[in-house]
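Two complexes are shown next, each including chain A; its partner changes from chain B in the first to chain C in the second.
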Partner chain A sequence: MRSLLILLPLAGLILLNLPGGLLAGLALPAVAALAIFEIVLAVYLPTAAFPALEQVQQLLHLSTPLDSLARVLLLSIGIVMLASLLVLHATVKAQRRRFNVANVLLISLMGMNGVVLVHDLFSLYVFLEVTSVASFVLIASSGEDTGLEGAFKYLVLSAVATVLMLSGVAMMFLFAGSTDFSAVAAALQNNSGQLLLKIAIGTFGCGLLIKGGLVPFHGWLPDAYQSAPAAISVLLAGVVTKVSGIYALFRLGISVVGLQTFSPVLLAVGALSMVVGALLALRQNSLKRLLAYSSVSQVGYIVLGLGCAGMGGPAGKLGLAAAIFHLFNHTIFKTLLFVNSAALEQRTGTSDMSVMGGLGSRMPITSTSSAIAALSIAGIPPLSGFWSKLLLIIALWQAGLYAYASLAVFVSVLTLAYMLTVQRRVFFGKCREDLLSAREASGGIVLVEAALALVIIGVGVLMPYVMNSFLLPLKGGF
Partner chain B sequence: MNALDVVLVAALVVSATMTVMTARLLRAVIGLAITSAILTMIMFRLAAPIAGVFELSVCAGLIPAIFISAIGLTRRLAAEELPARQQERLRRFWPLPVLLVLAIIVLTQWPLPIGLPDSQGPEPVTDLSTLLWNARPADLLAQVALLLGGAFAVVMLVKNVGREHE
Partner chain C sequence: MNNPNWPIFAIFGLGVVLTLGVGFYCVMVTRNLIRALIGLEVLTKAVTLLLVLCGYVAGRMALAQTLAITLIVVEVAVMVVAVSLFLGIFRRTGSIRSTDIQNLKG
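Entry: the complex of A and B
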C-alpha cells in the first residue's frame, strides 16, 4: 500500500499535464487528496494490502515494515502539505502559478515520501535530491530577486551536501558491496576499525547536517525561509528540512551506523544549534527570519535527544522517544507559526515586526493561535511542547548528561523570551494608525490556524493517552 | 594507471575547470557535455559500462539540452559587457586550477593512509533491464521526478518570468 505514496504523486503529475490541460483545474484538489490519503495511511496502515500492490511494493524494494518513526514522519508530511496548500490557495490568486506550484509540490511530496520509505543509502540520496530540487524551484517560484537569492544559497550549500553524501555512499559501497541499509550495517560491524569507513560516516553525516540546517551549517536556512513565498515557508519549515536532514540522520543512526558511534558529536552539535539559534533569534526584526533561527534552535533539541539515545539503556530509549515526539510537536507548532506569519503578511504586506503592533484585536484567531504555538514552543504546560521538552530533559538527566539538561532548560527560557517579544511587538498594545484597516486573514488560513492550535492543546491535554499509544511504542520500537 | 588514463584525467580536469571559469553560459554547457563525455570514457575503462551509458545519455545529452533550452529563454549578454565579466570570473576563480594541480601532486606523491577492502565489490550487472527494473526501480522513478522538476524549473523560473518582463 505504501508504494502508492511514491507512485501516486508521479501519476498525478503526469495526469495533470496531459495535453489539452483537461485536468489542470484539479491540481490543488489532487495534491490535497494525496495529503489526506497520506495522513490516513500513516494513522491506519492496513496490514493486508491488495496482492497487486504487494507485488509493486516488492518491485520497489519497499517490503521492510514501517517503524513508528516513519509513520510519524508520514503523518507530519501529510499535515504540513495540507496546511501549505490551504495557504497557497489563500495567498496566490493567479491560476497558472497555482498550477505550477501544485505540480512541484507533487514532486516534493514524492521525494519526501521516498526518503521516509526507502531502505537503501543510494535511494535515500536520490530522493533527497528530488526533495531538494523541488525546494529550489518552490523557493524561487515568486520570481522575485530575493526568492532567487534564497534559492541560490540553498542550491550552493545543497550541492556541497550532495558531494559529501555521495562520497560517503561510494566509500561505504566499497566495503559492503551494496548500499542496502542492512548490508552497510553489517559491513560497518565487520570493519569497525577502518579509517575510510569513519570518513564515509563523517562525510555522509555532515551532508545531512547541512540539509537539516544545523549549526555550523545553518547559513542558508534563514535566507531560504525568509525569501520563499508564504505557503512554501510553511512547507520548508514544517517538514522539508526535517525529512531531508533530521529524519535521514535518525535513519542513518538507527538503521545503519548505530547511534552510540556518534553520540558525542550529536550532543555537541545539538547543544550548539540550540544555543546559537536561540541567541540569533533574539536579535531579529523579520518574523520569518526569527522563526527560521528558532527552527535551528528547536532542531538542536531534537538532535540532542538523538545524541542522548546513543547513550543506551532506559535513558537512551526515553531520549529517542522524546526526540521523535519533539520532532512531531515542532512540525505542528512551527507550521502554525509560519501560517501566522502568512496571515500577517497577507494583511500587512510585510513580515517586518518593526512596522507591526496592536494587531491582536484586529486578528483575534491569528493572535490566539500564535500565542498557543509560542507558549508550546517555549515549553509551557500543559501544551504539547512542554511534554516533549520535559521528557527530553528527564532523559538527559537520567543519562548523567547534567550540563546538557541544564542547557536545555536555559534555552527554553531564551525561547520564551523571544517568542514573548514577538507577541508584544506584533499583537499587544494599541493598534498602529496604518494598520487600523487590517482584518482577520482569509478563511483557509484561519482554518489551518484553528486546527493546528487544537492539535497542540489536544496533544498536551491528552498526554496520558499519547504516552500509551504513541510514546511507549516508540521507546520499544527500535 | 597507464598513459591513456593520465591523459583522460588531465583532460577531465581541464574541461571541468574551463566549464566553471568561462563567463559564457553556452560555453559552460558545452564544457559540461565534454566533461561528461570524458568521464564516460573513464567509466568504460573502469569496467562500468552501464554507468558510462547513463553518464553519456543523461549528463552529456539530456541535461545540456535542458540547459540550452533555458539559456535560449534568457537575454543575450552585450558584447561590450563580456570582457569585464570574463575578467571578474578569472579573478574570482583563479585559485581553482592551482588548487587542483596541487591536490593531484599531493595525492599522487603521498597517497592517503586509508585501507581499501580486499574484495572487488559485487559482480557487475551487465543487463540494463535487470539493473533498472529489478535492482533500482525506485531510483528510476526518482530520476523521472528529477527531470520533471528540472522541466518545471525552466517553465516557472525562466519562461514565465520572461513573459512577465515582456
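Entry: the complex of A and C
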C-alpha cells in the first residue's frame, strides 16, 4: 500500500500530460485527491497489501515496517500539500500556470514520500534530489528576478550539500558493501574506530544540516522562502525543508548511526540556530523573511530535542518524542503563518510590514488565526506549541543539560517578542488610510486559516488524549 | 584493514580529495555563474569517482556501477534546471555575474 504513495503521483503525472490535454483541467483536484489519500493512509495505515505491490516495495527497499515518525511526516506532507493547493487556487488565476505548478507539485510530493519511505542511503539521496529539483523550479515559477535569485542560491548550496552527502554515502558503502540502512548500521557497529567512517558521518550530517537550513548553513533559506510565490513558500516552509533536512537527520540518527555519536554536535548546532534565528528575525521588515528566520529558530528546537535524544535514558526518549511533536506542531503553525502572509499579499500586494498597519479590523479571520499561531509558536498555554516546548525543556532538564534548557526558555521569550511585533505592526491599531479598501482574503485561504487554527487549539486542548495515544507510543517506539 | 586493494584506494583517494579541493575553490572564488556550474560539475565528478573507487575496493563493482549511472542521470536533471535558471537570469538582467543579482538581503 505504501508504494502507492510513490507510484500514484508518477501515474498522475503521465495521465495529466496525455497528448491533447484531455485531463489537464483535473490537475489541481488530482493533487488534492493524492494529498487526502496520503492523510488517510497516514492515519489509518492498512496493514494488508496487494501481492503485486509487495514486489515493488521490495524493489524500492520499503520492506521494513513504517514507524510512528514516518506516519507523522506523511500526515504533515498531506496537510501542507492541501493547504498549498488551496492557496495556489486563490492566488494564481491563469489556467496554464496552475497546470504547470500542479505538475511540479506532483513531482515534489513523490520526492517527499520517497524520502520518508526508503530504507537505503542511495535511494534517500535520489529522492532528496527529486524534491530539491522540484523546489528549484517551484521557487522560480513566478518568473520574477527575485524568484530566480532565490532558486539559484538554493541550487548552489543544495548541490554542495549533495556532494557532501554522497561522499559520506560512498565511504559508508566502502565498509558496508551495500547502502541499505541495516547493512550500514551493522558495518558502523563493527568498525567503530575507523577514521573514514567518522568523516563519512560528519560529511553526511553536514549535508543534511545545509538542506535543513540550520545555522551556520542557513544562508539560502530566507532568500528562498522570501522569493518564492505565496503557495510555494507555504509548501517549502511547511514540509520540504523539514522532510529533506530534519527528517533525514532523524532517520540517519535513529536507523543508521545511533544518535549518541553526534549528540553534542546536534545540541550545539540546535542551540546556535535557535538563538541566531530568533535574533535575526527581530530585525526583519519583510514578513516572509521574518517567518523564514523564525523557521531557522524553531528547527533549532527540533534539533536540540534530537541531540537530547542522543543522551539516552528516559530523558532521551522524552526528548525524541518532544522533538517529533514539535516537528508536527511547527509544520502546522508555520504553514498557518505563511498562509496568513499569502492572505496579506493577496490584499495588499506586498509582504513588507512597513507599509501595513491596522489590518485587524479589515481581515478579522486572518488576524485572529495569526494571533493563535503566534501565541502557539511562542509557547503560550494551552496551545499546541506550549506542550511540545514544555516536554522538550523537561527532557533537557532531566538529561542534566541545564544551560540548554534555560536557553530554550530564553529563546521562547525572543519568539514572543518578534511574533508580537508582527501582530502590532500588521494587525493592531488604526487602519492606515491607503489600506481602508482591503478586505478579508478569498474563501479558500480563509478556510485553510480556520482549519489550521482549529488544529492548533485542538491539539493543545486535547493534549492528555494526544499524549496517551500518540506521544507515549513514540517514546517506546525506538 | 587488510584489504589488498588498500594502496589503490590511497592513490585514487588522493585524486578525489584534490578534485574536491579544485571544485570547492572554483565554487567559492568565481563570480561567474557558468563557472560556478562547472565547479559544481567537477565536485560531482569527484564524488562519482569516489563511489566507483569504494565499490572496487569493497568488491561490489556491479552495485557501484549502478549507483554511478543513477548519479549521472540525476546530475543531468539538476544541471538542466540550473542552466535554465541562468538563462532566465541572463534574459532578465543581461548579465551572468553573481554580483549583479543581489536583491535579496537582510
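Observations on the model:
What we mean here is this: the second predicted complex is superposed on the first by the 476 of 478 C-alpha atoms of A that agree within 3 Å, B and C clash if a C-alpha of one lies under 4 Å from a C-alpha of the other, contacts with A are read in each partner's own complex, and residues count from 1 in each chain.
What we mean here is this: contacts are C-beta pairs under 8 Å (C-beta built on N, C-alpha and C of every residue); 3 or more make two chains touch, one makes a residue touch a chain.
Quick caveat, the model's predicted, so the values are computed rather than measured.
Residue contacts after overlaying the shared chain place A:G143 against chain B and chain C alike.
In the superposed pair of complexes, A:L390 makes contact with neither chain B nor chain C. In the superposition on chain A, contact is made by A:Q284 with chain C only, not with chain B. Touch criterion not met for A:L26: it reaches neither chain B nor chain C.
Contacts of A:P222 after superposition on the shared chain: chain C is touched, whereas chain B is not. Once chain A of one complex is fitted onto chain A of the other, the partner contacts of A:L166 are limited to chain C, with no touch recorded for chain B.
When the two complexes are overlaid on their common chain A, residue A:L174 makes contact with chain B and with chain C alike.
In the superposed pair of complexes, A:L435 makes contact with neither chain B nor chain C. In the superposed model, A:F127 lies in contact with chain B only, and not with chain C. On chain A, the patch touched by chain B and the patch touched by chain C overlap at residues 122, 126, 129, 133, 136-137, 140, 143, 148, 173-175, 177-178. Across the complex, chain A meets chain C through its residues 122, 125-126, 129, 132-133, 136-137, 140, 143, 145-146, 148-153, 155-156, 159-160, 162-163, 166-167, 169-171, 173-179, 222-223, 226-227, 283-286, 289. Only residues 113-117, 119, 121-122, 133, 136-139, 141-146, 148-150, 152-153, 155-157, 160-161, 164 of chain B touch chain A when the two sit together in their complex. For chain C in complex with chain A, the touching residues are 9, 20, 23-24, 27, 33, 36, 40, 43-44, 46-47, 50-51, 53-55, 57-60, 63-64, 67, 70-71, 74, 77-78, 81-82, 85-86, 88-89, 92-93, 101-104, 106. Residues of chain A touching chain B in their complex: 6-7, 10, 13, 59-62, 96-97, 100-101, 103-104, 107, 110-111, 114, 118, 120, 122-123, 126-127, 129-130, 133-134, 136-137, 140-141, 143, 148, 173-175, 177-178, 191, 194-196, 199.
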